[in-house]
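Look at the two complexes coming up: chain A is in both, with chain B in one and chain C in the other.
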Partner chain A sequence: MNWRRAAWASLAAAPVVTLLAWGMTRDPNEIHSPLPGREAPAFALRVFAPGEPPLARTVGDTLTLGRMRGKIVVLNFWASWCLECRVEHRDLSTVARQMTDKPVQFIGVLYNDVASAGLDWIQGMSGQAYPGVLDPGARTAIDYGLYGVPETFVIDGKGRVAYKHTGAIPAELLTLKIDSLLAAGSAASAPTGPVVP
Partner chain B sequence: MTSRVLGVVLGAAVLALVPTPRLTAQGANLPPVIQPRNAADSLLESRTTELARELRCPVCQGLSIQDSPSELSQQMRALVKEQIVSGKSDEDVLAYFVSKYGEWILLAPKARGFNLVAYLLPPLLLVAGAVGVWMLVKSWTRQPQVVSASSGAEAPPED
Partner chain C sequence: MTRLLAVDALWFGLIVSVVGGIVAPIMIARGKRLGQWVTIAQAAVYANFAVVTVATLAMMWALARHDFSISYVAQVGSRATPLFYTIISLWGALEGSILFWAWVLALYSAAVVYTNRNRPGLLVPYASAVLLLIALFFHILLVGPANPLHLVSPIPLDGPGPNPLLQNHILMAVHPPLLYLGYVGMSVPFAFAAGAMLAGEVASDDWIRLTRRWTMLAWALLTAAVIAGMWWSYEVLGWGGYWAWDPVENASFIPWLTATAFLHSVIVQERRQMLKLWNVNLVVGTFVLTLLGTFLTRSGIISSVHAFTQGTIGFYFLTFIAVVLIGSLVMVAGNSEKFRSQGQLDAALSRETIFLLNNLLLTVLCFTVLIGTLFPLIAEAVRGVKVSVGEPFFNRMTLPVMVSLLFLMGIGPALPWKHGNMNDLKKKMIPGAIVAMILASIVIAFGSRSLYAVLAFAFAGFAATMNVQEFVIGARARQSAHRESFGTALVRLVKGNRRRYGGYVAHIGIIVSAFGIAASSAFRSEGEATLKPGETLTVGTVTARLKEVWGREEPQRSVIGATVELVRDGTVYATLSPRMNFYPTSQTPIPTPDVRSTPFGDTYMNLMAFQPDGSNATVKVILEPLVPWIWIGGGIICLGALLSAWPMKRVA
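Let's turn to the complex of A and B:
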């Protein structure tokens, strides 16, 4: 009968079914970032929220990645309208306070939001340990391939993107990433090269 | 009388010195200084639109940054325009966004490697479907002959 025909039909359908099955294993909302392992895009962002001592920065100062060479930089993109940002905020401040004696710089980048809303939000969340900066036109966000908030980038002492996290980052994971970079000597052994604005 | 003639001559001389707008061949009355700038603006807009149509909006579902009203798309579109103004080629602009977001940012993936599946599979399936339909139709049109032949064989002989 048609065993032969059925075999041919199955053979023809197999690649299509395999392709569809493979597609089902992938999350279409997750965008693979090409940045980890590459040099982090430079930025120069103005402080609007000072943070708390000893991590405080003066409002109006400009923070540049080039001047942080040798430090591990945690760049967290957030917004006052972002619900998930509330989940991670306390964890970020806690880890930042725990790392004050280490070469680690935390920066909160306000994404598509206004400074007054950001300040109100920080006050409502009982403060923020590290400084907050503005990103006019979302230029830095686009430079980092951002597609939503919150997103967190961990940059090593040599200025390379070591890790990117999409969504609220748990304190344990962030601590693990920073500690592993510190243990690998990323921050300590990094050359303190020329300051790039 | 002489003064009137003199006045007319002077008036004509003044009128001759006043620059008058020229009509172009199309009948348009366009100042020569503004015309090239408008042309450049329209070229810039057209290039921006073309490139923005090729780039995916990161916060939408299947929309280009040209079609999306989202704030991020508008900011990306402004960046496209800025890069064109700074002298970057279309390839440079697309390469910038690919370097930030990966090839995902391109609405039409590049026809190479695994991406070829997206280009080759639809026509292959179309051809396979057409062959299948042709074979099916062929078998349908063949069946009545077999039936008539067998019915003819079973039919009693005519006397």
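Let's turn to the complex of A and C:
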């Protein structure tokens, strides 16, 4: 065994492994959504799952983006056949319950699924704090350029998409995004200049 | 119950791989109780095969029973999917495919140990330890990042079903298993090479003989897999093509090239005791390239239609590649003096020279495709830009090499070992040259002005004639020497030297496929039109008439189709039904083209769009000459490889 030669040869592996290791840090499927920073597509979606008080809505009502101006809207696309959606579901409800006293509206959009399967799923997952809506023909999903489920859009008080998340969203990240929007919103609406008594 | 059985089996497999892959070789190397540890290593291989088989069968059972408490079943299963596609979704997603991979590897390992059970020496014990080490890696994946057996709670009532593309065609039952058999099969030559180095049996030529046969088997399966993949892409994806230089297609093609190079250069080693170091590098390189190919598909590092969902698994693969790469480089470089050539090149005009050129070209081709595939990554690393490398690059870079290879394929068989004679060669080349010129004129007469199209046809014709000629010359010689009929002489000739003539059969298969590829690339014609029922579309010699647009509901999907009649002189001679399948979990419809095949070529029809009320439909008609010959060529290649690699009966 010629160890010196072996050592030199093994150096040849370095560039290949380095390149691949660097590649691991990239996400080729990261598709730059043009939506963040732009106006969120309007929607009108019918409630099929009421959610829990105080966030409950009447089944059959229509939720529209237009009537939620001034509120932060968390639009979460999910389906009963989606495994990844199970991962984030409890987190979404937890964050929604923590935010009940703030101007935040959570909406769960059922994607390519039927209402009965969605209701069974919600029951199996021990409830959902916020209302669930139907998206017939996946029109809203197409408007939002949905790539798969779950996907979550955070829309600010002015109706602009502030953040898009692909895959299960962690509670801390969602809270952070909402809090920073709330902070920015209150800062913007706070009076500037000297206060005249 | 099923889940626990499979989980236990996989953990047991992990333990067995540690014992057989790590403990046994260390004990064998220390030389204590040698016989006992050799037996333990063997038993470990069989035990691993048994437990992985149990786990795989349990998973298939769970899929068939719709046991949605198992995460993999919940991920790919659906009650509406037909049983057949439910079971083959074993390899439809990441975790299941890793399990299937582990099973194929266990199968190969058991076959290697069984077929060599009476062979003395330490080559096979070390080789089986290497195979178990590879198995250990897959066991770690299966209990770690690619565990298919997580408990899902609450248990879903139904699942999304497999990826629609994977449940749309019967070839999905054929292409992936063949690919795994071919890919994983390349582990066996690697294990023999590593085993020979570990056992210090590099100098004996035993391992190279074993390696050649196993490489041949894996190569034949990989060839069949690549061609089945082309066929699947042609029948399912609806664009009328069969190869797009997609990263994953390339990933299967790159190790195929190095394996092909090895199958040729190994003959030089056996005959002339040359190229030993080169050959061991090809063996190791092929294995590393299969791992790299898997890494590219499974880690999500490069985007592709084939890519599986990503996770932490890429990191494990990268570590494994690094270990294998460094380990092999250390072993090969450390032993390089033992791989000295004893023979040397005698003359420029000889069969050895053609083999060398063939290896050179195949290696160049391999690097070209590899660089093209990895270039997006390199460009992003160096310049920070996202680029994609597409067909124009690959076609421009690879066509000259491929055409040259066709030419060499004709010359090689006509040349003798050691010293060739120019005059003999010229005489032998006359029929081939005539065929080449005839074909070139025909291609030009048909209107092709592409240099590569003309050269491809000419060289393919030349190579076909030269390879067929070898059979004729050999049989004629036997005929006059033994007074046999030509048929008998031909059969006995091939039986007498199956390795050589099997190789020529494989050449002929490649050439037949090359004709199909060249013709369908150079003479493809297509047309597209929106038709009302009764209206016609004419492309070349084919006239298509839309009869009706129809729809139908199936349990797992809805289907919209068009019935289109092909008419000639007012009579209908064929009916095609291109369709679109709508799956609930897919946003876009999955096209299902319909193809009418004849020996002269295909009429390929795809439904592009339709009016929901059935008032019109847009259909695309593509005429692709000689396409069926690509698949037939694939069959001939496998036949040749089998003929060549089938174990010889020892004549008493």
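The definition used in the following text is that the second predicted complex is superposed on the first by the 158 of 197 C-alpha atoms of A that agree within 3 Å, B and C clash if a C-alpha of one lies under 4 Å from a C-alpha of the other, contacts with A are read in each partner's own complex, and residues count from 1 in each chain.
One rule holds for everything that comes next: contacts are C-beta pairs under 8 Å (C-beta built on N, C-alpha and C of every residue); 3 or more make two chains touch, one makes a residue touch a chain.
These figures come from a predicted structure and were not determined experimentally.
K.L.:
Once the shared chain is lined up, is A:145 touching chain B (first), chain C (second), both, or neither of them?
P.N.:
A:145 contacts chain B only, not chain C.
K.L.:
Using the touch definition from the top, say if A:125 reaches chain B (first), chain C (second), both or neither.
P.N.:
second
K.L.:
Is A:112 in contact with chain B, with chain C, with both, or with neither (first, second, both, neither)?
P.N.:
Touch partners of A:112: chain B and chain C.
K.L.:
Touching A:12, do we find chain B (first), chain C (second), both, or neither?
P.N.:
A:12 sits against chain B and chain C alike.
K.L.:
Let me test your reading of the model: by the given contact rule, A:20 touches which partner, first (chain B), second (chain C), both or neither?
P.N.:
second
K.L.:
Tell me which partner touches more residues of chain A in the superposed arrangement, chain B or chain C.
P.N.:
For chain A, the partner with the higher number of touched residues is C.
K.L.:
Contacts for A:2 in the overlay, against chain B (first) and chain C (second): which applies, first, second, both or neither?
P.N.:
second
K.L.:
Figure out whether A:34 sits in contact with chain B (first) or chain C (second), or with both, or with neither.
P.N.:
A:34: touches chain B, not chain C.
K.L.:
Which chain A residues come up in both lists, the one for chain B and the one for chain C?
P.N.:
12, 16, 19, 112, 138, 141-142, 146
K.L.:
Taking the touch rule as given, give the residues of chain C at its contact with chain A in the complex, in rising order.
P.N.:
Against chain A, chain C makes touches at 71, 74-75, 78, 152, 154, 156-160, 292, 295, 299-303, 307, 314-315, 318, 321-322, 325-326, 329-337, 374, 376-378, 380-381, 584-585, 587.
K.L.:
Which residues of chain A touch chain B in the complex?
P.N.:
12, 16, 19, 31-35, 41, 112, 137-139, 141-148
K.L.:
Write out the stretch or stretches of chain A touching chain C in their complex.
P.N.:
1-3, 5-10, 12-13, 16-17, 19-24, 26-29, 79-83, 86, 112-113, 117, 120-121, 124-125, 138, 141-142, 146
K.L.:
Which positions of chain B touch chain A when the two form their complex?
P.N.:
That would be residues 58-59, 71-72, 75-76, 78-79, 98-102, 104, 117, 121, 125, 128 of chain B.
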